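Next up: some structures, all given as structure tokens.
Okay, so chain A shows up in both of these, paired with chain B first and chain C after.
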Partner chain A sequence: MRDLKHLYELEKLLLNVSNDYISAAQQEGKLCIGTVCDNVPEPLLNLPGCFSIRLRAPRTGSMEIGTYYMTNFLCEYTRALLERAIEGGFNFLDALIAPDGCSMLNRCVENMELLKTMKKDHFFNEFMEIPMKADDNGLFLYKLQCTNHILKPLKEHFAIDISDDAMRQAVKEHNRVCDLIQEIGQFRKADNPVITGYEFHILTLATYVMPKRDIIPILEETLEELKTREPDEKSPWKVRVEFVGSEVDDSDIIKAIEECGAYVCADRFCYGSFPGRTRIEMSDDEDPLTAICRKYMYDCQCARMMNKDKILGRRQYVADLAKEYKADGIIYEQMKFCDPWAYERMVGTVVLRQDYGYPVLSVDRPYANGGSGQMRTRVQAFVESIEIKKLAKDR
Partner chain B sequence: MAKEIGKDKFGSFYTGGKVRSRREWRGVKDTLYDYSRWLYIMAQLGKFMVKPRNVKGFFRYRWMSNYLAVPMMVDRFSQGLRGPQLRILHEEFDIIVYDVAKLLDGLFRGDRHLGNDKAYSDKVVLLDENEMTTFMMGFPTLKGLSRETPAAYVSVLLNQHAAERYIDVAQEFGLAGDVCPMPETEAGISIADDFPVLGACAVQCNTTCDGSLLGNGVISKRLELEEGIPCFQLGTPLRHREDDVQEYAANEMKACIKFIEEHTGEKWDWKYYFECMHRVNIATRSRQEWLDMNKTDYPQVVGGNLALYTETNYMAISGKVDLFRKADEKITKIARKAWEDKVMVAKEYRHRAIIWGVQSHFYMDFLVWILNCWGIVPLTDMLSMINTRIFAETDTPENREQAYYDMAWLNENMIMRNRTHGGYKVLLDELWEFCEEFNADMVILWEHMACKALDGMHGQFEEKAREKGIHLIWVNHDLFDPRITSRQGVRDQVNQYMRTVLREEPLDPSLEILDDDKSW
Partner chain C sequence: MKFYGGCDSGSTYTKCVIMDETGKIRSDVTLRSKIRTVESCQDAINQAVEKVPELNSPADLSYLVGTGYGRNKVPSADENISEISCHAMGVHVVDPTVHAIIDIGGQDVKGIAVDTDGTVLNFAMNDKCSAGTGRFFEAMSRAFEMSLEDFSKLSLSAKNTIPITSQCTVFAESEVISLVGEGKPTDEIAAGIELSVAKRCFVMAKKAGATDRITLTGGCAKNDGLKKAIEQVLNLKVIDLPVDPQLIGAIGAAEFARRKGSAK
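Now for the complex of A and B:
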């Protein structure tokens, strides 16, 4: 297939935490609000006058200082973020809103605060309590926390407009991004798709780390390009897999899987399109904050959500996606030392195999894993096992 | 054999096997007293074993064999103790043993595998192991029973190797090996179908940590989907010092009580609730008085006497058992008298230490060891630095509404999580304040390697201790699994610091290296 026009530019952009789009927006006077987790509602950080980015630490090498502060038992994502913060890599941020999502992320941001890693005079940190159950009481808490730890501080520190109209405007822009990503993602359903899982992840990842207004035209152009893009004559993929798990901001891992012949047809992970790039439904009868919080709470697929409906729903969600995107198998991954996903991976693997009948590869991995031979070997074996099953079935 | 504290060479008691060579001679009076308490414990065990279903329990549940080590456990905790400290210990252990025996008896009575008493089972609410039981303070006719407490928690206290089998089961099932071994063990017991099955319903919580929260998912899968026992997940805010989470927490408490009412047919009893809260307040006042004594030159309720009893009384009992009130009052009386008489807990005090972090569960009697071996007085520990509030205990309409907030507050401030969650201030900043209050020159910091909330502050502890000139001894361990760091491995970390940094010689050199890898 011909290369996508914007792919190279986006690949390059993702090699760094900051990028030209962020600098340009800040030069216009817009404020960059960082976050570290899906549980912080993105549209509230994209109110007029500010824009959000999800923190990552691309090209991470040594994590020695992060490890000194947090030991080598915390996941590498959190250690890499802290290391990058200490190096000054996040100094462009104007504020950082962190949820008490998991202990590790919480401690990571607390260390940043204690070490005063962000240098801007007006910089501030906020920590949110996020409900662990999806119900009316949880919605009450979510709204209160968003009000007290996002909206009020943004207004007080930066005089940001936090009115309902401003929120509706931010949701509209957010939904436009989601619609485009979902429309592009539909191409993955084809037997011989015109977009690879890797390309799709690059596009999706970019939506988290640059201002929304700048990614929208790129996505629009890419969508048009895909409509006329010719696939290879013969599909290079041996099997189709859904990739499920915790935080993945390293597209090389998707590339490595696809190089083993497994097409990543669906993505259910943080920094992926499900559920992070599904639209927020609004109505005139309801205030936008409620609609935003409801969407984030009920659609959240994070393993930390503890009520039964959520626990069972997570596996159903994975199975539904596998069915919709015609996956032959599922790869359940977790970052090493991640407690929530250690358990979710274990149970999810068993349930998806036993109750839903999918072949499942269950793996743990370091933060930056692209070149891992171990991962490739395991995926190759998984691909072969699915192929053998297919052959046996055909006979 | 010696009457005086510190005269015996305790290291010579260890044989390399499960049990020690002999029990300790403490002088005629103390030995006779100690022996009477040993008889009491044997009587408790005998009473328990008289019932055929309990005998069956020994064969049905692998973890039950650990209970053979109960007398040995009491001996481990009482090593070197004399006079008032010995009496405080036995006051505590007498009712802890009684309470655990009662718990086991109840579990086996309702257990579908053993007693299968359906009418009894219908009045049982299953509780999480690491869960405040405040939501049971208004249900006098219901039994709140925790299966994890005897199967996992107490088992490891009795036998350091008790959890290994279940850790392996969970990992063979696909669980990563880097999670906390406590919920891992509990998940392993559930996977191995080694829990009693009973109850009208169950209440799980997120009070401990991410691992515990997710481990509950494994357990509820079996409980709810396979055994038909409905589970309620009690959501407890993590940032418990913030005002804007308290209403949510109180609402959760209301929902939990409603759930129990619906599934048991019982109604919340306010009279009983305020009675229980009255006892909670007594326990709080007592604990505060003991801690105040520990701030002086003559600490009295220290080490295991403080830690293990506080965990039991504060979390599992929560005012529901009057025996604990009586014990609180008796302990306070003994301690007060000993303090007035300026009684020393050990032969010599060299360092005054705050014990911080999550203790190694397979080596809880380590606190006695540091006292006997190095003269380090464990003034208090992180798990004992819990709620200090006194709550409303009179039944009025206002107090009834306030009660939900009070129960929620206690729930949020469960042992350990009141420090490991709620922002770094409660874990980090308050430690240094306690050092000052208790006039401590040393912090022994248990670093449970799989406890992410604690590990995440490692560097901050190092830097602040250096800045404040406090001796910080890291003691690394894996909570339930002595295969990762053995008891000797734990001791070595202290030995090395004491010898190389402080250049001190032990009070009892026979305790420095012990052959207790196989010991109970």
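Now for the complex of A and C:
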């Protein structure tokens, strides 16, 4: 297939934490608000006058200092973030909102604060509590936490407009990004798709790390490009897989999977499109903060949510996506030492195999280094086992 | 007569097997892997071809499959297939009654559950760490200043076992040197090393869903001390294969080559 016009630019952009779009927006006087977790409602960080980015630590090398503060029993994502913060990699941030999505992220940002890693005079940190059960009490808590730890501080520190109208405007922009990503994602349903899972992940990942206003025209142009893009004559993939699990901001792992012959037709992970890039439904009868919190709480697929409906719902969600996107198998991943996903992966693997009948490859992985030889061997063997069974069934 | 090749490019040894169209193994070669993978594979293929009078050069092979860690570097290969699939197929070819494999290679340990048709039902493998692999045994035997074969014999002579607490190759070597320095019986230390690796194999086998009719493959399958320790931790008798267990990956690759080449 012909290269996508914006792919190279976005690949390059994702090699660093900051990028030209962030710098340009800041030069215009806009404030860059960082976050580390999907549980912080993004539209609230994208009110007029500010924009959000999800923190990553691309090209991570040694994590010795991060490990010293965090111990090697905590996940590498949090250690890599702390290491990058100590190296000065997040100095461009104007504020950082951290939820207790997991205690590891909390410890990570707490260490950033204690070590005074951010250099701007007006910089501030906020820590939010996130409900562990999705119900009315949880919604009340969520709204309270968003008000006290996002909206009020943004208004007090930076005089940001936190009115309902401002929130509606932010949701509108957020929904435009989601709609574009979802429309682009639909191309993955084709038997011989015009977009690779890797390309889709690059596009999706970019929506988390640059101002929404700048990614929208790129997505619009890419969507039009895809409508006329010719696929390769013969599909290069042997099987289709859904990629499921914890935080994934390393596109190399998707690339490695696809190089082993498995098309990543659906994504259900943190930094992916499901549920991160699904629209927030608004109505005139409900205030926007409630609508935003409702969406984030009820649609959240994070393993930290503990009510039974949520636990069972997560497996159903994965199975439904696999069916919708015609996946032959599921790759269930978990970052090493990620506690919530360690349990979720183990149980999810068994349930999706036994109750839903999907072949499942279960892997734990380091934060970076997704294309390692042993990961490739596992994926290739998984692809071969599905392919051989498929061929036998067809015969 | 058509001939088919399987080349298993391992991190420590490179193996090549040539099979004829009836599935009979006509030649096999095992060489120590060099730093240049392509060169090792080429040498192994050339030597295996030389052993078959009907073949003049590797180009006479109707189909060649590469497998192992260097599988995508096997010269002139028509295809590469993961060592997990090849071990399953290789074992199925030599003994279809086997249900599961513990493959202990130079740099990884795998548990593989095999379906009745020789395909992979499930598998588990270690990640980057070399604990419990061939590299681990090489480091241990080096610490004992003896060959791998003598190390295995030494462990079999032990009446007791001194447990080795560390799974890490580097730390375990240090622990072993300390124990030897303290004057502990070397045979009991060796038996402790075998047991610690056997426990790791136990985990891989169970993770893959292995229950019965288990065999060992890979270079470490020739280590009788390890075999005994694995039988002890799994509480069953490991199945002996009628061929060199180190060749199983290459045999599986050759069988895949035979099936794919015949279907061409």
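What we mean here is this: the second predicted complex is superposed on the first by the 395 of 395 C-alpha atoms of A that agree within 3 Å, B and C clash if a C-alpha of one lies under 4 Å from a C-alpha of the other, contacts with A are read in each partner's own complex, and residues count from 1 in each chain.
As a convention for this text, a contact is a pair of C-beta atoms (placed from the backbone, for glycine too) under 8 Å apart; a residue touches a chain by one contact, two chains touch by 3 or more.
This is a predicted model, so every value here is computed, not measured.
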Touched partner set for A:372, first chain B, second chain C, both or neither: second
Chain B versus chain C as contact partner of A:385, first or second or both or neither: second
Touching partner for A:102 - first (chain B), second (chain C), both, neither: first
Chain B versus chain C as contact partner of A:364, first or second or both or neither: both
Residues of chain A touched, compared between chain B and chain C (which is higher): B
Which of chain B and chain C A:331 touches, first, second, both or neither: neither
First, second, both or neither for A:349, with chain B first and chain C second: first
First (chain B), second (chain C), both or neither touched by A:266: neither
Shared contact residues on chain A - chain B and chain C: 364
For the chain C and chain A complex, residues of the former touching the latter: 69, 81-85, 108, 117, 119-121, 123, 125-128
Contacting residues of chain A [partner chain B, same complex]: 68-71, 73-74, 78, 100, 102-104, 106-108, 110-111, 114, 127, 129, 131-133, 137-138, 140-141, 144-145, 148, 303-304, 306-308, 311, 334, 336-337, 339-340, 342-347, 349-350, 362, 364
Parts of chain A lying in touch with chain C, wherever the complex brings them together: 364-366, 372-374, 377-378, 380-381, 384-385, 388-389, 392
In the complex with chain A, residue positions of chain B that touch it: 170, 173-176, 178-180, 187, 204, 206, 209-211, 213-218, 220-221, 224, 231, 233, 235, 237-239, 242, 244-245, 247-248, 251-252, 255, 420-421, 423-424, 447, 449-450, 452-453, 455-460
